[in-house]
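Next come two complexes, and both contain chain A; in the first it sits with chain B, in the second with chain C.
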Partner chain A sequence: MNKTNRNEILAILIMVSLFLLVGFGQSWSLSLSILNMCIISAIMSMGINIQWGYAGIFNVGIMGFTALGGLAAVLVSYSPVGEAWRVGGIGMIISLFLLTLTIVAVFFINRIFRNHSYKYWIIGLTIIIGLILINLFFRPAVQAIENVNPAVTGFLGGLGLPIIFSWIVGGLFAAGVAFVIGKIALGLRSDYLAIATLGISEIIIAVLKHEDWLSRGVKNVIGLKRPVPYEIDLQKTDWFISLISYLNTSKLSRISDSIESEKLLNQLVIEGSSIFVKLSYMILFTIVLLFILYLSNKAQFSPWGRMMRAIRDNETSANAMGKNVVKRHLQVFVIGSAVVGIAGAMMITQNGLFTPSSFLPLRYTFLIWVMVIVGGSGNNLGSILGAFIVWFTWIEAAPVSQFLIELFTSGLEDNNNFKLHLIDSVPYFRYLIMGSVLLLILRYRPEGILPEKIRHS
Partner chain B sequence: MVDLLNALIVLLNYIFIPALSYGSQLALGALGVSFIYAILRFANFSHGDLMSFGAMMTILFTWLLQSYGISLGFLPTAILALPLAIIATILFSLITDRFVFRHYRTKKSTPVVLAMVSIGVMFVIQAIVRIIIGPDDRQFFDGQKFIMKAKQFKQITGLNEGLAIKSTQVITILVTIILVSLLFWFLQRTRTGKSMRAFSDNEDLALLSGINPDKVVFITWLIVGALATVAGTLYGLDKSFKPFTYLGLVLPIFASAIVGGIGSPIGAVVGGYVIAFSEIMVTYAYKKFFIYLLPKSLEPSGLVQLLSTDYKFAVSFSILVIVLLIRPSGIFKGRTL
Partner chain C sequence: MTIEIIIQAIISGLLMGFIYALIAAGLSLIFGLMGIVNFAHGEHLMLSMFSSFWLWTLLGLDPIISIPITMLILAISGILTHYLLIRYILKAKMIVQICATFGLSVFLRSLAQFLWTPDFRNVGNPLLEGRLEIAGIFIGQPQFYASLVCLLSFLLLYLFVNKSETGLALQATAQDRKAAETLGINSNKMFALGWALGLSCVSIAGTMMSNFFFIFPDVGVHFALFAFVAVALGGFGSIIGCLIAGIIIGLVESLGGLLIDPSYKLLYVFLIYLIVVIYRPQGLFGR
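So, the complex of A and B:
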């Protein structure tokens, strides 16, 4: 067994033992919910690893792509609101048609007047005329849609399909937006792309917050359908109750009183149902994770992956060898963003609700970057490991720092102002930990915990 | 005629003056980003949080001065606290440079790695600010709030519309003018300023002609620390100090710097005003303005607002994209590597 394999096995062992620790120490339900979020984060960081680790693209718009995935979950699974479609559907379709028309017109003008200095004026004029025309149909339609039962719906709703399809649709949404951004910003300087993606992610969130007809805005969409059974149904299902009683036979048989044992069984069923639901999510997520891991590893060690590495390490010489650098960058940017979109759809599926105002860049963009860097850029398993470690730290940082603060300030009295202030600021120690971890890794182990494997074949 | 005046006052009150003060804050922020970019050659994502650190320092010193009973009468005490806060922020940024950024400079890391490092610094500063002062809203303005109240203006002129001038707005604009002119004087007329410009233009040539790079970097952090503190404090005085808003300022600041031409000081200033004016002009509801100008029959029914205020970011971003597409080097030719 060589050294790299040993590191990988060690990494997997660390991940497993972390969850066993929480499972035995705190509760299995908590352990599983951390694990599920870890898997989702792992998929996001794999998406970023495809961009950064394979091709060296610096994308700071992860939050936006995640939110697009979430939007897909809403649009696919929510049942259509017939009334809203009746009153505003035609207006919306006409506006969409006009929008497409404007874009096509701009595209052609750009092509026909390629060498004219007044090109931009014509394009600007076309866009303004297009916007005025669109608004003619769009505004009344929006008004009508948002007035349909605003307390419950007030938006167009979705397609009413099983939510699991949204994982694919979320990927497609993110890919589409990534294509547009990439067309504009790739080929410029690398930090310009960073700023462009930062901007687009803020705009996506602003649109989701503000366009009530599309996503209900800050009123949030709740009660999305699940791909797994509901706890409340499970608790009434016979086979589940018998499964629980079978698993706990020894515990139940120890109690002789039938009423008492009935009570205990009831409690076990309630606990078990929550764990069962999380376990089913875990299985679904793990399938996606392994699938994406397999594909990305396959891609990384294919000729395509070698070409990407060549472009990343020396753009000029790759260009000289006849590789179309801008096109490859666009390709890898779209693929990586699509993976992030899939993870976003999965996250909203698990939460069962879509709240645009909960998307914050620190949590959804910069934290994912810490995961990629800590795990090891260019190594897919490393990204997964990084996601597990970082998300675990993020969750467990608060109790741990609370414990540490109490330990260090135990000499002080309980009403000491300094101690109280420190205890109040416990939630912010996780920022400190994340920042320090990122800085330390970048400084002392820039290749990450699991470095990139370069297979010479 | 009176209607026309009223309409103009509406524009002045709701667009021109707020945009001028917001633009000054952006310009100061963008100058900081631009300086880092020109001399240290990376996009500093932690600049917004350095501003919040500076503003926090000002607040702490303001509280200290207030506890001694020192105040400036009708001016806010924060002005007195500002120099102290600047020193503290400069010290802090020099420490960050010494322990974080210097390593990558000597290693000659790529700009992207340094940008990543600045994200780590951003996390740490956010934690420090939140741990020291907490995440809540802080008002630290004292002294006289208005130079001219809307009511007073109405009484003096007899117009329907009032023009309110907040003292923070005047302070912001005055401080910006003073600071920017000092900076330009420094860059154009002093030996150190010239060496900094030389360093930004061509590092190797500057080194060959005997310019001490450590000194240039040191001066850069002095300027950046001062600019960030002033910008952060002015923003906090004008609105109110909330730690999380400063992360959101990063985008308009970068937009200003790029639109003006990143690395060019004059560009950063112009870019700041371009972004501020367009953000406010596009998201302002012009209903009142048109009511004064148009005859009654043509009065607008809606708000006459091009975009809702939620799309502020979209405006600065669209300008950014347009500039990137048409003139990637910005209005004033900035650095294009």
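So, the complex of A and C:
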């Protein structure tokens, strides 16, 4: 067993022991919910690792791609609102058709008038005419849809399919947007792409917040369907109750009083149902995680991955060897964004609600970057480890810093302004802690905890 | 919709445009000098707004009086940024430079949240209040003077960079660092001066905006995006390009908001950015 393998096994052991610690120390339910978010973050950071670690593409729009995945979860799983479709469906379909028509028209005008100086004027005119026509149908349709029972629906709803499909659709959405952005901004200075991703993610959030007909905007979508059973149903199912009583036979048999033991069983069933639900989520997420890990490892050590590394390390020489740098960059940018989109859909699936206003760049974009850099860019297992460590720190940072603040200010009076201010700012300690983690890692171990393996073959 | 409303929108777009232009000029100056995009630009704007807010709250200095003080504060912080951070990454890969300034932006923003909480604040009854009325068109007095001051500072900056000896030394360093060094120009000092100048521009814009804008830790995000777009539109490193680009952005923002939908101002500006990147990646005045 060589040294890198030992490091990896050590890393996995650390991760497992952290969760066992929380499980025994705090509660299994908490441990599992942290674990679930860890897995989702791990998938996101693997997506960013594909972009940054494989190809050196700097994407600061993670938030936007995550939100697109969330939108997919809503659009796939929510049952269609028939009333809204009746009043505004036709208008929506016509405007969608007109939009496609405009895009196709612009595309063809670009082709036909290739060498004419007035090309741009014709394109501009086409777009303006298209927009006016679309508005003719779009505005009234939106008005009608948003007036349908605004307190509960007021939007078109989705397809009513099982929410699991949305994981694929979320990936497709993110890939589509990434394709457009990458097509425009890749191949230029790398700041262009950084600014473009920064902008597109802000715009995606703005659209989700304002387009009520699509995603209910800031009114949020709640009660998304689940791929796993509900706790309340589980508590009434016979096989689940018998499973719990079978698992706790020794505990139950110690109590002789039948009413007491009934009470205990009831409590155990309630606890057990929550753990069961989280466990089933965990199994689903782990399958996706392992699948994506397998694929990205396969890709990394294939000729394709070797070519990517060659491009990352020296674009000019890779270009001279006949590799199409821009095309490969576009490919890897689309794939990485799709993985982020999948993770976004999974996150919304687990939360069961979609709140566009909860998407903050610091929480999504920055934190995922910290995960990739801490874990070690270029190493898939490293980014998973980074995600686990960083998310764990993120969750446990607030109670720990509260404890520390109370410890250090215990000499001060309770109504001391400084102490009160510190206690009020506990949530912001998280970012400071994350920033310091990032700086320390960059200073002392810039290649990350699990560095990229360099293979000489 | 009457013609007056459109004229009103054009004028308020122009006024905001001058402010954007000054913010972008600071960014462009730093970029032109050392090829580094300052992703913490919005946070520097936020810092200047907060310093003018605190000068007003603690010392009772009106923003218009405190301009020199905030300029000084931001200039010093610019010099510090250069000596503590930028000096080490000048020769690093571009991606490292992006990471560093992006990290700085996160650091400054979370520091502001930590120190001053994310509350919205504003400068209560400043000297500049109310509005002017010219031929049925209303202009907010703070906006008007803000854009006036910004335009003035923009001209001063332009004159300084193009006419004064130090400004020419700055340009020489921007064009060829090694050649400038052989002529006895201390390039490190010039870089520090560039940061000081760039952030002074931001501080003027920020101080004047604190008269009529809410002050909170995330305030810089949108302005920074607009400034990036303005720099890309005007041409990386071109100062006069910033003025034109700032005005275009201001007009697009206010006219788009009026004619289409005010909630998507960012989208219109961003579309312009994409169009520029597609058809003229070097920008309007780019070399």
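Operating definition for what follows: the second predicted complex is superposed on the first by the 455 of 457 C-alpha atoms of A that agree within 3 Å, B and C clash if a C-alpha of one lies under 4 Å from a C-alpha of the other, contacts with A are read in each partner's own complex, and residues count from 1 in each chain.
Note that in this section a residue touches a chain if its C-beta (ideal position, glycine included) is under 8 Å from a C-beta of that chain, and two chains touch if they have at least 3 such contacts.
As the structure is a computational prediction, the values presented were derived from the model and not from experiment.
**Q** Between chain B and chain C, positioned on chain A by superposition, is the outcome a clash or a fit?
**A** Superposition result for chain B and chain C: clash.
**Q** Have a look at where A:Gly64 lands relative to chain B and chain C in the superposition and call it first, second, both or neither.
**A** Neither chain B nor chain C is touched by A:Gly64.
**Q** In this superposed model, does chain C or chain B come into contact with more residues of chain A?
**A** B
**Q** Just checking: does A:Asp191 make contact with chain B only, chain C only, both, or neither of them? Give me first, second, both or neither.
**A** both
**Q** Should A:Ser425 be classified as contacting the first partner (chain B), the second (chain C), both, or neither?
**A** both
**Q** Which chain A residues come up in both lists, the one for chain B and the one for chain C?
**A** Common interface on chain A, chain B vs chain C: 56, 58, 60, 120, 184-185, 188-192, 194-196, 198-200, 202-203, 206, 209-210, 361-362, 366, 424-425, 428-429, 431-432, 435, 438-439.
**Q** State the interface residues of chain A toward chain C in the complex, per the touch definition above.
**A** That would be residues 56, 58, 60, 120, 184-185, 188-192, 194-196, 198-200, 202-203, 206-207, 209-210, 361-362, 366, 424-425, 428-429, 431-432, 435, 438-439 of chain A.
**Q** Using the touch definition up top, name the residues of chain B that touch chain A in the complex.
**A** 42-43, 45, 100, 103, 111-113, 115-117, 119-128, 130-131, 134-135, 247-248, 250-251, 254-255, 258, 308, 310-311, 313-314, 316-317, 320-321, 324-326, 328, 336-337
**Q** Which of the residues in chain A come into contact with chain B in the complex?
**A** On the chain A side, the touching residues are 56, 58, 60, 120, 184-185, 188-192, 194-196, 198-200, 202-203, 206, 209-210, 361-362, 366, 369-370, 373, 422, 424-425, 428-432, 434-436, 438-439, 442-443, 446.
**Q** Spell out the residues on chain C that touch chain A in their complex, using ranges where they run on.
**A** 37, 39, 94-95, 98-99, 102-103, 106-107, 109-111, 113-115, 117, 221-222, 225, 228-229, 232, 236, 261, 263-264, 266-267, 270, 273-274, 277-279, 281
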